[in-house]
Structure formats: C-alpha cells, structure tokens
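Only one structure is covered here, and it is reproduced in the block below.
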Amino acid sequence: MTTLRSSVLRLLCWAIGIGFVLYVPFVLNTRTVFGYRVGNMVLLNLGLAQVDLMLISIIGAVSLNFLTGCAGLISVGHAAFFAVGAMAAAAAGQQLGLPFAATLIAATIAGAIAGVIAGLPSLRVRGLYFVLSTLALHFIVVFCFAEYQYAFHDVAGVTMGDATIMGFELDNNVKWYFFLLPFVVLVCVMLQSTLGLREGRAVLAMRDNELAAAASGIDVRMLRLKVFAFSSAIASLAGALQAYYFTSVSAEIYTLDTAIQFIAMIIVGGMGSIRGGIAGAVVWLLLPSVLVGTTVELKVLPGGVAQFLVGHQPQMVNLTFGVLVAVLLITAPGGLAGLARSFAARGSRQGSGV
Amino acid sequence: MLMQFLASGFMLGSVYGLVALGFAAIYKATRVFNFAQGMLMATGAYLAVTGSVVLGLPLVGTIAFVVVAAGTLGVVIQWLLIRPLAGRPLLAMVMITIALSIILRALIVIIFGGGAQTLRLGLPEGSFVLGSVRISAIHATAAGVSWLCMALFMVFFRFSKAGLLMRATADSHEAAVLSGVNVNRINATAWALGTILAAIGGVFLGQLQVASVELENIGLLALPAVVIGGLQSIPGAIIGGLLVGLIEQLSSGYISPKARDIFVYVPLLIILLVRPWGLFGERELGRV
Amino acid sequence: MPTIRHASRWKALLLSGAVLCLAFNASARAANFESPQDGVYADHIDWGMTADMSGPSSGAQNPWGQGFQDAVKVVNEKGGVGGRKINVLVEDTRYDATAERVAYEKFVSQTPALGTSGMGNSSAQTAMVPLIKRSKLPVVGTYTTAKAAVEPPTPYFYGGFCGFKEMAQTGVGFFTDHLALKQPTVALVHLDVASGKEYAGYMEAAVTARGGTFKAIPIKVVAADATPQVLDILAMKPDFVAIHGVTTTSILVMKAMLQYGINAPAFAISYLGTPTVYDGLGPDAGKNYYFVSCFSPASSDLKVSVALSAAADKFGHSALKDDVNYVAGYVIGNMVADAIGKAGAEPTREKLSAMLNTGYVANTGGLSSELKYTPTDHFGLTALKPLSFDYATKSFKSYGEYADFGKYLQ
Amino acid sequence: MEIDALSMRFGGLVALDAVSFKAVEGAVTAVIGPNGAGKTTLLNCISGMYRPTSGQVSFDGHNVTGARPERVARFGMARTFQNLALFAGLSVLDNIKVGAYRHGQSGLLEGALRFGRARREEAETDAAAREVLDFLELGDAATMLPAGLSYGQQKQVEFGRALMQRARLILLDEPMAGMSAPEKSRMVGLIRRTRERFGTSFLLVEHDIPVIMELSDHVVVLDFGRKIADAPPREVQADPVVIAAYLGD
C-alpha cells in the first residue's frame, strides 16, 4: 500500500518536475504565467539568458566534478578546456566552414586530445604538483588561443557563424534552452550511468585508494588519462556551445577566475556526485541575481543599512560568496548535495522511528 | 642592455622572492598551498595606505603598523579558516585560500573603493648610475629591504626556538605533536610570518606603482616561483623568485611581454615533470 | 414607495459617481502614457546601466557610473523628463562578457528598460551586435565603442566615448605641430590585449600618414615593472611617446622614463587622464604626461563645469569631478535624459532610436566635444583636445578648444 | 610461484637479501619472522608495489619481476593489505565488485552509453559479488559504507575483493592482525573454505604462530632480510635457528 502510494507520488513529482522544466523558459521569456504578468521578484529576478548560460555551466561543472570529485584529480585548467572547445569550433566552423553539428563533434574530439595531453603530467606527479601543472596548462592554452586569434581572426574576437541545425536556426533564448537541455540531461545521465558500471566504479576506487585499486588489476595511469580525456571532451563541448551562444569569443574571456568558479561550484554543490555539480552551478550562477534583487527590494532595513547594501552591492555579493564557500568547506564538506543527503537520511530515520 | 635587464630583474625578483618566501614558510609549516598570497600582498599595500594616509603615521610608524597588522591578520586567518580544516583533503585547503582572497578583495573594495590609491611613504626617489646600469632608488630600497627581511627570516628559522619548532613540525607533524609541541601556535606563527612577508612585498609594489587590488595578479607569480625553486626549500623560494623576475625582464626585453607566461609556465611544467621537487628541493621518498 | 424612490436616488447617485470616476481615470490615463514592455510608466521610466564595478577596470568604470547616476539624480530633482522620473537599474558586469550579455537581456524583457548605457567592454560589444539588432533595446552612450559595432553603424547602438582612432590622430597631430616636427618618431606602449592592438593600428596609421617612424611596445596588464619597455623607448629616442594601458602601467612607464632621463612628452588615451594617475606620478614624472580627451575635467574649464561641480559636490563625489571618466558619465546621463525628452511625450524604444537615427545633437554645455548621431555615424563624439595637469594650481589645463583640433581628424 | 634470489635495497639498507623459495600450487605458504624481517617488503616486491633490486619472481610460468601491480593482478594474483585498504566512498558491494575489474572489457564510454556489453558484464559482476557476500556472510551489509563495519568485517570485505578477482594465488598481509579470537577463527574458516572450493593458493604473512601452525602447509622464516628456514610447520617450530631468531638477542 505504502509502496503503491509512494510510487504514485514519485510519478507525480516527476510529471510536475518535467512540466516545470518545459514551461519555465516560456515564463521567463514572456514574464507571464498562463497569461498573467508576474512581477520580477516573483521570478527571483532571473532571466532566461541566465538560465541558458547556467545550462552550459552545468555541463562544465559536472565534467569537472567527474574529474575532481570522482577521480580525485584537482584541476584549475577547466577554463582552458572551454577555450580549447571554442578554438576548435572557430577553426572548424569559421576556417574550414563545417556545419554547426560537425564543429561540435570536432570540439569534443579536440577536447579529448587536449585532455590526454593535459593528463600526461598525472603519470609523474600527484596532488599539489598536479594542480600546478594544470595551472601552467591554463596559461599556455590561453596564450595559444590569443596568438591563434590574432593570427587568423579579429583582435576584438572570433566571430562564430550561426548555430543552425538542419535549417533550424538557434536565434533566441527559448530555442537555445530547448537545444541545451537535452545536452545537459544526456551528459548527466551518461556520467551517472558510467559511474555505476565497471570502469566508472574503478574511477571511484582509484580516488579512494590508488594502491588497492592497482592491486585489483586497475591500470590507474591509463584510467587517469581516460578520465581526463572524457572530462575535457565534455568541457570542450560546453566551450563550443558557449562560443556559439555568445556569437563571438575572445581569448580574454578565459581567465583563471572562470576555472576557479567551476571549482567553487563543485565545492558548493558537493564533490563527487553529479547532482552536486548541477546544484553548485545553479546556486553559483543564480544566487547573485537573487541576492541583488532582494537587496534592491529590501525596504525593511533601516535607511543607512539598505543604502550601504545597495551602494556596495557587487562587493556584498562577492563577500557573501567567499563566506559561503568558506562556511561550507568548514561545516559541510559534502556541499549542498551532502547536506541534502544527511537531511533526507535524518528524515527517513525519524519516519521509521514513528 | 643585458646588464640593465639583469639588474632590474634582480631587483624585481628580490621582491618576488620575499613574497615567495612567505608562501614557502606557510607551506612548509602548515602544508597549506596559499592561493591568497597575492591578495595578502595587495592587503599589505592597503595597510600601508591606512598607516600613512589614513592614520598619518611617519615612515617608521607605518612600517610598524603594517608588520603588526599583517601579523595579526595572519593569526586570525589561521585561527578562523585554516585550523578548522586541519587534516582535510588538498582541495579543501586550496579552496579555502581562494575563498580568503575573494573575501579580502571584497572587504578592501568596500573599505577603500575600487580605484587605486596613491602610496607615498617618503622613501628615497630618483636614480643613480652604477657602472653601465641605471638603478632607481626605490628599486634598490625594495631589493635591499627584501634581502634584509629574507636574512632576518633565515636567522629566525635557523636559530630561534620557534624556528626550530617550525622546522621540526615541518619534518614530522606527528612527532611534533607527540613531543608536546603546540602545533597550533607554530602554525599561527607561520601564517603571521608569511602574511608579514607578503605585506612588505605589497608595500614596495604599491610604492612602485599604486595600491590596488589588481596587485594580486603580480603576487600570484609567487606560485611558479616557489615551485621552480622547490616547495620544500626555503632558499629555493628566494632563488625561484629571482628566477621569475629575471625571466620576466629578459623575455619582455628580448621577445615580448606576453612571452612571460610561456617562459614562466613552460619551465614550470618541465620542472614538474622532470624534477617535481624543484630545482633546490629535496626528493621526497615515496613509501607504500 | 417613498423608500423605494429614496433607494433609487441613492443608486443613481452612486452610478453617476462611478461614471465620473471612470471618466476621470480614463482621462488621466490618456494623459499619462504607459508602455511597460518598454519600461515606460505613468510616473517613471526604467533605464539600464551596466559598468564594471568590482572587476579589473572598476577603477575607471565606477567613476563613470557615479557621474551617470549623479546627472540623472539632478534631472529627477528638477522633475524628470516629461513628468517622469528616470529610474536607473544598475548591473555590475565585472568586465565579463557573460555578465554583460545577461544584464542586457535582463533589460530587454525581464525588468524592461527604455534603453541602456555603459557596456564598457569592447569584446562584449562585438559579441552582442547580433543580439542588439534582434532585441531592439537601444544602447545609448557606451563607455567604450567597439569598431565592429559602429562600422557599419548597428541600429540601436550609439557610442558615447572618444574613439581610439580620433585619440591617435589628435595626439599625433597636436604633438607633431606643437613640437614643430616634420616627421615624428613615435613610440607607443600599449597593453597586449585586443584594444591595445587596435589602438596600435590607429597609431601606426596616424604616424605613417605624417611620414614618421613608429614602434609599438607591448606591456602586460599585470606588469610589475616597465624597464624593458622603457629601454626600448630609450633605444628609439622618440620625439614623443603614446601610452595605452591601465592606471598601473601608465604610472610604471612614466616613472621608469623619468628614471632613465627620457624627457620626451607622453600622451595617454582618455581613460588615463585621471587625478589618480597624476597623483601616483607626482610632479617630476607627471609634468611630461598629457592625455587627449573628448571630455573636460571640471577644473580645466571652470565656466562650463559649474553644474557638474555642483552635482558632484551635492552627491559626495567632489573628489571625482576632475576625473574624465566621471565627467563622461555625467555628460552621458544628461544626454540620455535629453534624448528621452526629444523622443516625444510617449517615448518607446522604437521612437527613441528613430529619433537618434534621423539625426540628434546633444547640448553638453561645453563639457565635451559635439555629441551627435547621424544615419551613417553612431559614434557620437568627434573632436578631442589635449590636456595636462598643473601641479602648482592643482588643476587641469587644456591646450585649446575642441574645434581647434578637428583638423587632425580624417 | 617461484622466487629466486630476490633482493631489495633502500639506499644502504638491505631489506631482502637473495631470498628464494617456492609457493606450491594449492597450498598455504606462510612467511614469518620478527619485526623488520622484510615480510611486507617481500609481498610488495611480489605484487609489484616495489621493483626489486635484483632477483626474479615467476608466477604460473610468467616472469613478473618488476611488473606494475595491475599487470601482476592480471596474471591472477590478488592481495590484501596490512592496514585496511578499502574504498571508503564505495558501498561494501561495490568494494567487492571492484575486484571483478580484470574480468571485464567495457570502458568508460561504453558505460556512459550503456552498451549491451557493459550491461551484461554488470549483471554478471553483480551476481558474482552477491555470491561472494553470501559466502562471507555479509549479505546484509551490501549497501553500507565500509566505515560502518567492524574491523574484522572490513578485513573480510577486503578478502572478498581478492576472492572476486578469482585469483590463483592470494597474498594476505597479516590477515589476523587486530582481530578478536572469534573473528580470527572466522577468517581461518574462510581461508580453508576458499581453498577447498576454488583450489586457491595462499601466501600469507602473519605473526600469530598458532594460526600459522593450524593453517599452513609450508613455512618460510625471514630474519633481517635473509631466509633462515623453509620447511613444514612442525619442523620449523623445532628449528633451533628459528627459535634463536625469535628469542635471541
């Protein structure tokens, strides 16, 4: 009886969730719910452009979480893989004139190759030294991108072609949303799936105990390269999508800060789980907007405080985020996903107790 | 030309070496790889602004203020952020220092505004000629003070009791705990020293240009400097800083300023692959 | 019966009252045009503004934003535009193309605005040209102007800051004549980023047009020292030096030039003519430091800057009024209010941009060179003038009127 | 498995000095010796964790000297560790499944796309792992994290992972260390039943002499890196050299 009820409940939850995900872009685009116009703060001061960019970032965050959270390889070079994807898309799409879909594939392959090269130091060095090798990689890739851009494209940026798939042009945010959503779902489902099977399990084993993994017949060195290739291929794909979404990219946008933001996302969301990567990207990218919206709307605070908050809004947002990361690191190493898990576990324990 | 590049590279490298030394002190004692070192350096420049402009202190007073404030800041950081994370994985340690730099940056901008601040401490200006090389007084002062601080640190590290304990803790954390060393106090001392060294570097870089949060990016050069020199080696950090300064000047002078990234980070990558323990570090023997 | 009649009388009274109310409402509505999807309401107009307020160029863009907001506050205190107050929606974009795009789309439909100003990132502008054409939200008065956005003119995009090409031509022209040179030898220290490369191109064209010799010397944004650049300058022995960069690099270059005894004058791009730079340089290095600008710092022309000074003092920005970036923001803020007024009593995005497209000239009261848009030119500002700082009187000094330097522009 | 003149030096320290012996197929061979005799070093050299300075290890007709641990494992040799080496983030069932890695083929991409082979392998692995869990009598703990089990149970999980490898030879590094008496007897029982059921050979390093006497067919005694005895348990127990090594100085 309870199982029946819970399965019906679950089905209902899924239906509502899917309905929500499919309807949200229209709400954000027209700012109306079933014909009724809604206030900005009702929608938490969010826009569809933010959501689209968030979808791209989810792909990046999830792939970094696969590398860092699941395989234990800390990388500050994730922005570099985005740059590799954008560079490959520029070369394939603009210089060779390949169609959009083909450039995405080219970017993915280029990312995989770059990932293997970036992973080579992992054969020799561990931990901190490896982090530094990815740092070096970042600067080297950005340098190469800049030289490539100045040599073959405009100094102001590489102009990308139209994103057209079978005559269907992605020229507004709603179309992009429905184009990106399947990518996100596919990437998350694929990563989740492989983590439960033979080699994915080996990845987790390698993270937890490298020697025991090797003694179980896992070639940790090969596996590391594979994970690197896999993760960077996905990140490159996201980079190419981002380049097309922007319509023009420049080497200057791939900063170390971008890479650090990806790390912050997985820390906030929770290391080593796909859900953590998603949650982290959502919080990291949407919270500033919500915070800004609320500080502007805040009229309950005394005048001086409100004025101070509004006057120093950008700094207050940065401060909040720095503190958020520090507090989560100290009090909840599992991030938001970990908090949710322990909350659910407590709930079920209480439930069974009653 | 070459001599001039070498001279300016040496002087710049001395300041980098100072910041890198602070970095190495923190790493050696507490095993924390401090990505906030650049921001601590920028904080030093703003502390000098506070001392000289806001409080109107004379040069000596400002320097005393910077040292005391930076030391306190280091202790507070260790107590508030680093101690609760003891024994946690590498990424947590790396990330907490990044969070620290975000927080410091936001606080500085809230307090001082986003614009740059002029820092005039009344240090000697002008320049003099030494052989075929022209040296500015401020560069020479910066290099001189850097070497003085480095020497003081080495003396402290080698001969004082706290330095001895610090070295003991660096060699074996467990052994230090077992023999009754107050590891927390040692770690706090290391953070205080590291912050002070970074802050002094920041005072000079702020004096060479202006005090701004963007100094962080220059301070981050301490990272490759330390690794090229060897993470475990205190003299290595200084030499690494010098090398980065020289590489920067020579590559800008003879090739292009952008080439600096390549000439700093490609050798870094090669060193990581061939000699991960750095040019002057000692090989750590792995054991199952 | 009488009770019934009594009741019906009450009814009639109520009804007529309601009709009156409705009529009054309708008439009031007719008087106060609203177009929420354009951010125009009965009592206020929403207007967007983006600037880097916490990122790498916040040092320059923050004053610009303050100037813009102060100008709008003054307009609002005088009653606003056509009875509507202008409500500035501020977004911090951290010099990040992504944030710039998000903010723009926000003003398009989320918190609809009549137009937006700022957008001080030329890479973002280049990337957003198709988006701006599609979204039709006017960008009026940008802090920098990307070549891709104005050549050819992008509909709904209107510049608002001095152009690199004009800076190069004015600077080279003025110093060549001022120093009575035939064929100038010019060294340029520029950032090794996109805008620096663009400026180097204009500089080279301006110098070679006069048969001179030119050398571009790149410097990194995060440079800690400018010795290699200055040694390059020393070897070249230029008649004058041009500087493109940020506050720190210009201070480094000028101080190093002083150290090596290079006495050639240097002129910087407009953004770098700020009190911060002069303060950082000190009188010895600062006496050779000039800049070209299409905006006048308050102290350079005390006659025209009365209103600007009053506004700056009133809103606690006295320290900024000599900052060309603040002045630029102030001028653009006034220009926006003026343009909305000229778009008619019932302003919409379409009407605003139609008005700007057919030809618009702003009255900036002499704080800037002529600010105008034509169907073929969306750049806005044309003439510049050279300026420098007099440490003795602590005021900026200009070397003529804007009109005097129009001859250098091609 | 045959070990021939195996030596291992760390700098000036000689940990193993030309040790030679044979582990007969199907038998339990025990290596004993005082602390610092080089027992764990021996296991590490055999299983590929260390590359021996000289000498040869051959297993099942292959020369595996200096091969990396994963290659040694692929030849059919499994091992457990002196200090537990479980995967803390994986459930007990998954910990055991990792042992089946060498029998599979499917890679990351196949897993991501859920190709037929990946799913088939997973079904087989799952069935086998549950069988192993039942064999260990740990069926109830399948979804728990290892940290939730007792020390003895964790040792069993590690043993189960080795079983899952379907190895011909299992190296056990102090399997009884830190166990209570009932746990020890369970472990002894497990080793016996494994040997009967699968014909697996064992090479174990152990301190617990009664257990050795009860379990092993053959005993090798090391002292300061040198082999001082190599005989059946009874003879070793009576060997004066061995007694001297244990009781002397």
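Letters are used for the chains, namely A, B, C and D, taken in the order the chains are written, and counting of residues starts over at 1 for each.
One rule holds for everything that comes next: a residue touches a chain if its C-beta (ideal position, glycine included) is under 8 Å from a C-beta of that chain, and two chains touch if they have at least 3 such contacts.
From a predicted model like this one, the values you see are computed outputs, not experimental measurements.
Chemist: From the C-alpha centres, identify the chain that is farthest from subunit B.
Modeler: When every chain centre is compared against subunit B, the largest gap points to D.
Chemist: Going by C-alpha centres, which chain would you call the most central?
Modeler: Chain closest to the assembly's C-alpha mean: A.
Chemist: Find the geometric centre of each of subunit A and subunit D from their Cα atoms only, then give the gap between the two centres in Å, rounded to an integer.
Modeler: Roughly 42 Å separates the two chain centres.
Chemist: With chain centres defined as C-alpha means, what is the inter-centre distance between subunit A and subunit B in Å?
Modeler: 33
Chemist: Centroid from C-alpha atoms only, then distance subunit B to subunit C, rounded to Å. What do you get?
Modeler: A distance of 39 Å separates the two centres.
Chemist: Counting only Cα atoms for the centres, state how far subunit A is from subunit C in Å.
Modeler: Taking the mean C-alpha position of each chain, the two centres sit 35 Å apart.
Chemist: Tell me, which residues of subunit C touch at least two other chains?
Modeler: 53-54, in rising order.
Chemist: For subunit D, give me the residues that contact two or more of the other chains.
Modeler: 49
Chemist: Multi-chain contacts only, two chains or more: what residues does subunit A have there?
Modeler: 211, 315, 318
Chemist: Using the touch rule from the top, collect the residues of subunit A that touch subunit C in their complex.
Modeler: The contact residues of subunit A facing subunit C are 28-31, 40, 43, 45-50, 53, 150, 154-157, 159, 171-173, 246-250, 252-253, 292, 313-315, 317-318.
Chemist: In the complex, go through subunit A and note every residue touching subunit D.
Modeler: Spelled out, the residues of subunit A in touch with subunit D are 190-191, 193-205, 207-209, 211-220, 226-227, 230, 272.
Chemist: Please give the residue numbers of subunit B that touch subunit A in the complex, ascending.
Modeler: Subunit B residues touching subunit A: 33, 81, 84-85, 88, 90-92, 94-96, 98-100, 102-103, 105-107, 109-110, 223-224, 227, 231, 258, 261-262, 264-266, 268-269, 272-273, 276, 288.
Chemist: In their complex, what parts of subunit B are in touch with subunit C?
Modeler: That would be residues 1, 4-5, 8, 12, 15, 106, 109, 113-116, 118, 120, 125-127, 134, 136, 205, 208-210, 212, 214, 217-218, 221, 248-249, 252-253, 256-258, 260 of subunit B.
Chemist: Using the touch rule from the top, collect the residues of subunit C that touch subunit B in their complex.
Modeler: Residues of subunit C touching subunit B: 53-54, 56, 58-59, 62-63, 192, 218-225, 227-229, 231-232, 235, 246-248, 251-252, 255-256, 259-260, 276, 279-280, 282, 284.
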